[in-house]
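Below is one structure. I have some questions about it.
For clarity, chains are labelled A, B and C in written order, and residue numbers in each chain start from 1.
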Amino acid sequence: MKVKVISADHAVAYGAKLARTEVVPAFPITPQTLIVEQLAEFINDGEMDADFITAESEHSAMSIGIGASAGGVRVFTATSSQGLALMHEMIYAVPQNRLPIVMVNVNRSLGAGAGIWVEYNDSMAERDSGWLQMYVEDNQEALDAILMAFRLAEDRRVMLPVMVCLDGFILSHTVEKVEIMEQEEVDRFLPKYEPLHKLDPAEPMLINPIVPPEYAMEMRYQLDRAVDHSRDVIKEVDAEFAKAFGRSYGGLIDTYQMEDAEFAMLTLGTATGLARGIVDELRKDGKKAGLIKLRFMRPFPFKELCQATKGLKALGVFDRSASFNGGGPVHTEVAAALCNVPVMVTGHIAGIGGRDVTPDHMRQMYDVVERASKGEKVRQVTWHGLRGKME
Amino acid sequence: MFEVRFHGRGGQGAVMAAQTLAEAAVIEGYHAHAFPFFGAERRGAPVMAFARIDDKKISIKSQVYEPDLLIVLDESLLDIEPVARGMKKDGKAVINTRKLPMELDLGIEVDCATVNATSIALEFLKAPIVNTAILGAVAKATGIVSMDSMNKAIRNRFGEKFGEAAANANIGAAAAAYEQTVIGRCKGKRPLKAKREWLPDWDQLPMGTALSEGSIDAVMVGPGGARQNLTGTWRVQTPRYDKEKCVRCLRCWFSCPEGCIKRDEDDHVHWDLNYCKGCGICAQVCPVKAIDMIKGGQK
Amino acid sequence: MNEEMSTIKDMPTNDMFTSGHGACAGCGMAIAVKNIMRILGENTTVYVPASCLIVISAMYPTSNFRTPYLYTAFENTGAVISGMKAAQRRRGISSTVVGLAGDGGTFDIGLQALSGAAERNEDVLYVCLDNEGYMNTGIQRSGATPFGAWTTTSPVGKVVAGKREFKKDLMAIVAAHDPVYAASLSIAHFNDFVKKVEKAKNKKGFRFLHVMTPCVPGWRSDTSMTVEISRLAVETGMWTLYELEDGEARTTYRPRTMLPVTDYLKLQGRFRHMGNDDIAKLQEWLCRKWYLHYGSEVEQPVCAVFEKPRPMRQSEEDHLHFV
């Protein structure tokens, strides 16, 4: 094991290398570029045996990935924001074909006047594509997530693509201590890929013809079931990972100080680390604050959230994107999950367009939730750090 | 509500016929709608279209499963699919054929009208687009819309799209068909069996969209499995080969879009008529006129 | 492999694109695909983007291709075949990876992915089956539609009749990528067709074939005239048979004389509305192209050549196609 002080982008590249990725289609976009640059270096230095294919667009990058994955090899790629949006058509082609591609999306604001800074509206727009979608909190988790993602994706009960989402700049360009595992250890955790598909004239396969209505519905249900079955596999993979490397991240969610909590926040991405600190502060003051970390947006942890919020009076949900429908996407789904549970759910939108999420913002969020837990009437959705009075 | 199902082949104008019938019904003061089965069909492939007519606004948009009126634009379809499936016992059928109603077997004994719409279309339109001729027969056989309304609908739909002359020719075809339609009753002996299909439950379906070559429930699947589609039923003319004249140049073998011309050891050729669509390219490319096309889809 | 194929007679009889497909009677694309697949043989892996070809030959649960087959989208042929080839290379499989795309999927929406694959010199064969329009969606105009032609998006209106722009010179774009091999094919020039597909099959690197594939409903032509129309396309200059090899372009067949374009137009309903002015405009464009391709002026009365750009080198090979 080596210890390096590197960015999450570089950590992810180490992950893809350790996973013995065979084909890497790549197209650059800030803030994902460090990933593909690092992979190109690994390959050109002979440290990694993979085909690095420089696509002329993200749409083509995913198309190359699909061609390669259908051909039975392990595929890794990475993108961000507009790149993910350009891929959108091809994103949908992957899950139904059961191609276990792993892709990093470095979260970045999407839309008119798009900045290069973090926001989750790029990946949230792909949440109903059939990809499993996970959000990470720090650079070590970014690397670990790649290995877990391949193991999960290639499990025969799953056979689905996994999108690992990490905060643009906040993780992608922040260096911190990362443990790089030994190749032999990783090989034991992630065995050689045994493909379901191949494009071999010796045994011809017909892949993805036009599917008429007589079959499409059964195929979609099969996909729905596969996403559902991944819930158990996610827990298994985390346990196996802990056994191999001594680090555990929980299943679909992770919890902090939830045993006796009366009010809590649910966060994803880097806001989780920030919230953990605020929980510690509040606990010092004798307040029963807790934290739920959303690791997987897909599959969504419906049961786990009902379980984790037992005894809780109020739960605030952090969103780093807005649905322009009164709240954020995570809030909407959490509210749906908890509709039969007697817990007050509030929405908290912050960090839009890369605006920094500060400890004060997080304190304000906990303050709203605490007041809600005491029966006080609070706003259903609050934008934190917004100039001007909310309507 | 009066429900209509059209069976035809791509290119015969089944969709236009359904739309024109609906428009004629609206002219009569009814509510009506018409729509195709949204497939990715090509010329010659079996297609369906639907129409409904009612006194009040029609809210249903499902396909028609129990038609009051069955319209078949191509007689050969009777042999390849159970076109009369689900038909109401007191329903009516209108069939494009040179036969008389009593000579036809639809698999259900119903009132039946027949007309040789193909020959009428060839006479009036110089093309086997039988949709307007069949509508003349529909007016005669059902009385659901008057010939006057049908003519107005034809003028509206065809005149706008193809011009005045085309509208007149189509109205002429409809009028001729109205005169020539024979009304009677068909036989119902043929079994109404759906074609063999592989329709597995979701958990029996192979994972993803991939299939290897093989057969499941006696249906071919996977690479090459589409050869079970015998497209020879589309044919309206058939090649005739004079082996004596053949110079074994293989132009026809190269030029056949269906791959149904087979090459013999000595470079003579023979046809697998199960697939021949009767395009006539083989006859056209033959440098010595060893091939000609004869009318009809016979073997 | 055995000797290289150079005539129809050398072609194998084994059909890798089977009968029983759903193409319209008289489909030129079906002729091209059937023969390309015969020549490429069983050691071939096929990608088809959105097009008539997928609709007529790959509807779950079957296909007409007896080879491995993949489809995903419209605009990505160049990209997907790159990935397929990479996977096969890594799996130790050596096959001809071929993309069979239409003109819309090549000239227009797929141009970028085509350029990407050509620029990377991917070891793949890209075939453009050119029926000069979006026929699968119901005959709409593409960058490949010729001047004057009726389509549903270049209708014959009271003010504007047919397409006002000339056909995009796709081969010039492909040639700018300096491909290992590129050639234009006609289904009416049989031996030329066989030779070029065989050549493309046996080379390594990016190869491109451009085949004219007449479309009966889209061109409003008689089902039996598909091959004849292809032949007349060459004889009138609407289509030129040439190839690019080792950076050199050369014509592989030269008509004895240029037939007037009306010989070609009159067989197709899509040109029926064209007036004398438009026909003259098209003829003038063809004459310029003729000079560019064949390097000599055309005898009167068909043409008066206006510009004399550098012509292609002419083939020293026998110009006669199979008789």
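The rule we apply is simple: contacts are C-beta pairs under 8 Å (C-beta built on N, C-alpha and C of every residue); 3 or more make two chains touch, one makes a residue touch a chain.
Everything quoted here is computed from the prediction, not taken from an experiment.
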**Request:** Averaging each chain's C-alpha atoms to get its centre, pick out the one most distant from subunit B.
**Result:** A
**Request:** Decide which interface, A-B or B-C, involves more C-beta pairs in contact, and give its chain pair.
**Result:** B-C
**Request:** Report the chain closest to the protein's overall CA mean, measuring from each chain's own CA mean.
**Result:** C
**Request:** Can you check how far apart subunit A and subunit C are, centre to centre, with Cα atoms defining each centre and the answer in Å?
**Result:** 45
**Request:** Find the geometric centre of each of subunit B and subunit C from their Cα atoms only, then give the gap between the two centres in Å, rounded to an integer.
**Result:** 32
**Prompt:** Measuring from the mean C-alpha position of subunit A to the mean C-alpha position of subunit B, what distance in angstrom results?
**Reply:** 52
**Where subunit C touches two or more other chains, by residue** = 55, 58-63, 65-69
**Request:** Would you give the residues of subunit A that are in contact with at least 2 other chains, written as numbers and ranges?
**Result:** 97, 204-212, 215
**Asked** By residue number and range, which residues of subunit B touch two or more other chains?
**Response** 40, 209, 211, 213, 222-225
**Complete:** Seen from subunit C, its contact residues with subunit A in the complex are 42-45, 47, 54-55, 58-63, 65-73, 75-76, 78-91, 93, 95, 112-113, 115-116, 119-120
**Item:** subunit B-touching residues of subunit C, taken from the complex the two chains share
**Value:** 8-9, 11, 13, 15, 17-28, 30-31, 34-35, 52, 55-69, 136, 187-188, 190, 216-217, 222-228, 322-323
**Request:** Write out the stretch or stretches of subunit B touching subunit A in their complex.
**Result:** 39-40, 197, 199-203, 205, 207-213, 222-225
**Prompt:** Within the complex, which stretch of subunit B touches subunit C?
**Reply:** 10-11, 40-45, 198, 209, 211, 213, 216, 219-231, 234-235, 249-251, 253-260, 262-263, 267, 272, 274-275, 277-281, 283-285, 287, 293
**Asked** What residues of subunit A sit close enough to touch subunit B in their complex?
**Response** 96-99, 159, 196-197, 203-212, 214-215, 217-219, 221-222, 225
